[in-house]
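In the two complexes that follow, subunit A is the common piece, with subunit B as its partner first and subunit C second.
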Partner chain A sequence: MIPEIGHYTLILALFVAIVQATVPLIGAARDDRPWMEVGRTAALAQFLLVAISFGALTWSYVTSDFSVSNVFENSHTDKPMLYKISGVWGNHEGSMLLWVFILAVYGMALASFGRNLPPALRARALAVQAMVSVGFLAFIIFTSDPFTRLDPAPLNGKGLNPLLQDPGLAFHPPFLYLGYVGFSMAFSFAIAALIEGRVDAAWARWVRPWTLVAWCFLTLGIAMGSWWAYYTLGWGGWWYWDPTENASFMPWLAGTALLHSAIVVEKRDTLKAWTILLAIFAFSLSLLGTFIVRSGIVTSVHSFAADPTRGTFILGLLVLVIGGSLMLFAFRAPSLKAGGLFTPLSREGALLLNNVLMSTACGTVLLGTLYPMFADALNLGKVSVGPPFFNAVFVPLMIPMVATMALGPMMSWRRGDLGGALSRLKLAFLMALVAGMASWLLHGGSVKDLEAAGGLALAAWLFVGTLVEWAERIKLFQGPLAESFDRARRLPRAAYGMSITHAALAVVIVGITGSAAWTTEKIQVMHPGETVSLAGYDLTLNGVEDGIKGPNYTASRASFTARKGGAWVADMSPEKRLYTMPPRPTTDAAIHTNFISDLYAVVGDADGKGGYVTRLYHNTLVPWIFIGAVIMVFGGMVSLTDRRHRIGAPSRKRNV
Partner chain B sequence: MAQKPKGDAVTRKQRRLYFVLLGMLALGAATALVLTAVGDGMVYFYTPGDLQTKHVGPDRRVRLGGLVQKGSVIKDGSHVSFIVTDLTATVAVSYTGVLPDLFREGQGVVAEGKLDGQGTFQASEVLAKHDENYMPKEVADALKKSGHWQDEYQHK
Partner chain C sequence: MRPTAFLPVLIFLVLAGFFGYRLVMIGNGDSPSAIPSVMIDKPAPQFDLPPLYDGKAGLATAGLQGQVTLVNFFASWCIPCRAEHPLLSGLTGKGFVLVGVNYKDKPEDAKAWLDRLGNPYDVLVADRQGQTGIDFGVYGVPESYLIDKQGRIRFKQTGPFTPETIEKDLLPWVAELNK
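Up next is the complex of A and B:
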């Protein structure tokens, strides 16, 4: 009964969405308040309906109702409760339902918090949100129904892919989707502004907090996914430029560019068309990302053949959203009059450079991600584009961008003083030189360490440059400390947000550089009692215990002891697990971190002669990548608490 | 010619010019980077049959995909050798390292590496696809093409 209620409310939601997509739009065109108000009511109704539907599917998972085909395919009674719930979105149908649910949450937020938005703008934005909703609801109902019943009901389910049975990956999709779908807000506002033919500072002030919310979630989602790949796949790496990873990284790049160009619209009333375009791209890439991961369009175009309706629907939806919005953009963008003028050497100029580099980098990632699919479709052979391509293209584009990141905030609006800014950054330059030289000499001063030295120098430049900018703002050491303290207190939260996220990126760069340059790895067969030394540590294999029972797996657990100079450092116990349903082995790496580097141990198969294949890594500075990402999200949240960013706070009057 | 207004600012036309120049510069740089990276960044996928018919030089990094032949896996410490087949041709593969969890005889596999002079494929990586199915897509397609596809390969 409950699955039927879920199915029924989902269909009702589709009809409500159709009303929400049309009536407010007509109302806005006719300046008819009651018609516009329908949008708000409909958004709330839609939220309730989709929430009931999502709740119904979750209920079916929690109670292990195997008469529902989706539950049978992806769940099992032995699974811990957390993974029964995360199983809801661990499959195509359920994840699409989660997507629509999050869209409805944002729609409800827009309807209830956007009180002081101009009614016409809100009505149009809600209508655009609903159009996206209609597309996705129709997609679920017609091609990916999660509520299909099985008769007779099987006794037990097939279980969830054990790789997905992990706390990191249980929460990864919701965060990622909160980010993806969050960009639908910027998109809806962009389309609404195109229909109105008006983009102004107030518009940017409404779009920024929503984009920032989406950006924070997406950053966190990507970091979680990377962390999961790091500790569960047992390969010691944290990023492989895999299509699924790129799928989440591209909207992040576009969204980051959007955040920055929205600042220019807000402060200087210019770069409007560009900002609108970025909003369209950020959301389009989010859509592409959703489909790349869940339908495998990138690995092979042939997966379309496996389920032609689904593939055609997805293609149609993408063409409609991207093509339709770009067409509207082409018609309306010329009417967006730019306001403030600026010279190339100004803060606007720096932000523009950041934008162009970000977008170009995003474009190259898109090219590398989609090329295998095109090559396959055009019969150019099957290719895969791997990390060497992305590293060779992406990294050089990021170097000038990071270099500008320290410089940009030091420049004034309209017309900056490059020489002055550079001379104020003397300290940062000096520190960059020191950091680069020190790391180079400490590691022996060979040519291959030059890259790492450059990475560290860049990070130091960014970090110190960000600090200098903050110190200048509060006039640190230029007057009494009390005055600086007072200034620091009154500095807008958004400024703190910028400083924190920029500094956090420096931390991430240190982590990336360290992991790329100084990671050491040893693969060997070890017998119990044997010791292997790695990067100054001695790792002893004490033994391997077989047949350890988990809730739905049996494991072989190895026990290592790590010592440094004879002194005990850590006990590590990596596992090799064999899940019962579905019967599949997984690797559980053991990681000991001191927050500067990780010791990372993986146990492999027995060699039949009493030994075990083991893989040991010493991953330098990898923790900094994840620490940096978390600080970055924190910076975004600080910025969100800025009085001017509080959702719904801005009003158009201030702009006149 | 665009007129310079009084003061320090620049006209719209000039700003548009900067925008376009900056964009072209970035695009040009990206194109140059892509072209230089394409050589070693792009890896072609071959089946054992392809490796025999198409001549692949020993220095070219390729991906080899097929089924692990039953009974062919020989483990010697951390060194593993096995035979990859597409059911029409076979190639011997040699690899040192920990095999991915999903590696097993009779299942699909993708190995990345180079052919050595003796025709043995020296794999530097055996790929763990964290896919919902055991069978890598490229392998499934190749088997379908050669007519050896059986539904039982597709485990869930």
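Up next is the complex of A and C:
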């Protein structure tokens, strides 16, 4: 009964979405308030209906109702409760339902919090949101129904892919989707603005907080995915440039560019068409990410079962949404009048450079991800594009970007003083030089150590540069300390957000540099009692215990003791698990961190003669990557608490 | 109206065209992860293998001439081979000679395996060192090579056959080569 309710409310939601996609639009065109208001009511109704539907599927999972085909395919009574719940979105149908549910949550948020928006703009934005809803609801109902019943009901389910049975991955998809789908808000506002033919400072002020919310979630989602890959794939790496990872990284790059160009629209009333285009891109790339993972057009290590029928449906949807919005852009964008002029050497210029570099980086990732598909279609042979390509093109793009990141905030609007900014950054330059030289000399001073030195110098430049900019804003050491303190207190939260996020990127860069340059690994067969030395640590294999029973797996657990100079550091117990349903082996790395570097141990197969294959890594500075990502999200949240960013707070009349 | 404003939509449509083409190809059964074999349409490599059972006939390259042959690399230690085995048993009298190459295996293990499951092969030879497997380009067992009457490799199955691949790929190829 419960699954039928879910199915029924889902179909009702489709009809409500159709109403929401049309009536407010007509109302806005005719300037008819009651018709426009339908958008708000419909958005709330849609949220309720989809929430009931999502709840019904969750209920079927929690109670292990195997008469529902989707539950039978992906769940099992032995699974811990956490993974019964995460099983809801651990499969194609359920994850699509989560997708529309989050879309409905954002729609509801726009309907409830957007009270200060001009009614016509809000009505149009809600209608655009609903159009996307219609597409995805139809997709679920016609090609991916999660509520299909089985008769007779099987006794037990097939179980969830063991790789997904992990706390890190359980909550990775919801955060990722909150990010992906969050960009639908910027998209809807962009399309609404194109229909109205008006983009102004107030518009940018409304779009920024929504984009920032999406950006925070996406950053966290990507970091969680990376952390998961780091400790479960068992290869010591944290980013593989896999198509699925790229699919989430591209919207992040476009979204980051959008956050910055929206500032220019808000402060200087220019770069309007470009900002609209970025808003369309950020959401389009989110949709493309959904498509790439589900259609089987590129191969990936972790993806959903490829299905060309669904692929065709989503492709049709993409052509309508992306093609349609870009077409609208082509006709309407030239009429958006640009406001303030600026010289290349200005804050606008620096933000524009950031945009160009971000977009180029995004385009490069797109090209690298899709190149195997192009090459195959054009008969250039089967190729795979891997990390060497991405590293070779991505790093050179990021260097000038990080270099301007310290400089940009020091420049004034319209016409900046490059010489002045550079001279105020003397300290940052000095510290970069010191950091680079120190790292270079400490590691032997050979040519191959130069790359790492460059990375650290760049990070120091950005970090110190950001601090200097903040110190200047509060006039630190230029007057009485009390005055600086007072200024610091009154400095807008958005400014703090920027400083924290930029500094956090410096932390991430240190992590990436360290992991790329100084990671050491040893792979060998070890017998119990044997000791291997790695990066100053002595790792002893005490033994391996077989046949440990977990709730739905049996594990072999190795026990290592790590010592440094004879002194005990840590006990580490990596596991190799064989899940029962479905039978699949997984590795569970043991990680001991001191927040600067990780000791990372993986146990592999027995060699049949009493030895075990073990992989031991000393991952330098990898924790900083994840710490940096979390600080970055924190910075975004600080910025969100800015009074001026409070969703719906600004109004057009007061600010223009 | 500015022509450059149409650039994004044009680029997107080209991209969508590629996606559509790719989807049609997947619909036709072409998987983007399929690994093409460089051995297709080349003569089978030189080999001369001893029989698995003493006293039976061995097989050399020259023995492939004159009839359609399916060369199946298998091993008793390989679990997918175990899954493929009953399918092979159903392939007798389908218009080709089934050659089993026991790959990197102990003869006694292979014999015990065949005793238990049955022997579907017309000719059974042993490649204990795996040299012939390397010459054929075997990634991993099971792997099967369909060889025409002139001794050229025409079709390769990477991994175990399934009822679908036998119907869709193997049998049509056999019919074609027997024309």
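Please note the rule applied: the second predicted complex is superposed on the first by the 643 of 656 C-alpha atoms of A that agree within 3 Å, B and C clash if a C-alpha of one lies under 4 Å from a C-alpha of the other, contacts with A are read in each partner's own complex, and residues count from 1 in each chain.
In this section, contacts are C-beta pairs under 8 Å (C-beta built on N, C-alpha and C of every residue); 3 or more make two chains touch, one makes a residue touch a chain.
Model, not experiment: these values are computed from the prediction.
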item	value
Superposed partners subunit B and subunit C on subunit A - clash or fit	clash
First (subunit B), second (subunit C), both or neither touched by A:441	neither
Partner chain in contact with A:422 - subunit B first, subunit C second, else both or neither	neither
Partner chain in contact with A:481 - subunit B first, subunit C second, else both or neither	neither
Touched partner set for A:386, first subunit B, second subunit C, both or neither	first
When both partners are placed on the shared chain, which of subunit B and subunit C touches more of subunit A	B
Partner chain in contact with A:586 - subunit B first, subunit C second, else both or neither	first
First (subunit B), second (subunit C), both or neither touched by A:163	first
Which of subunit B and subunit C A:433 touches, first, second, both or neither	neither
Doubly contacted residues of subunit A, that is, touched by subunit B and again by subunit C	296, 299, 382
Contact set on subunit C toward subunit A in their complex	1-2, 5-6, 8-9, 12-13, 15-16, 18-23, 25-27, 31-33, 35-36
Touching residues (chain side subunit A, partner subunit C) in the complex	273, 277, 280, 284, 291, 295-299, 306, 308, 311-312, 315, 318-319, 322-323, 326-327, 329-331, 333-334, 370, 372-374, 376-377, 382
Touching residues (chain side subunit A, partner subunit B) in the complex	73, 158, 161, 163, 233-235, 274, 296, 299-300, 302-303, 338, 341-344, 349, 352-353, 356-357, 359-361, 363-364, 367-368, 371, 381-390, 392-393, 396-397, 414-415, 523-525, 576, 582, 584-587, 602, 604-605, 607-608, 611, 613-615
In the complex with subunit A, residue positions of subunit B that touch it	5, 8-12, 15, 18-19, 22-23, 26-27, 29-30, 33-34, 36-38, 40-45, 63, 75-78, 96-99, 101-102, 128, 130, 132, 137-138, 141, 155-156
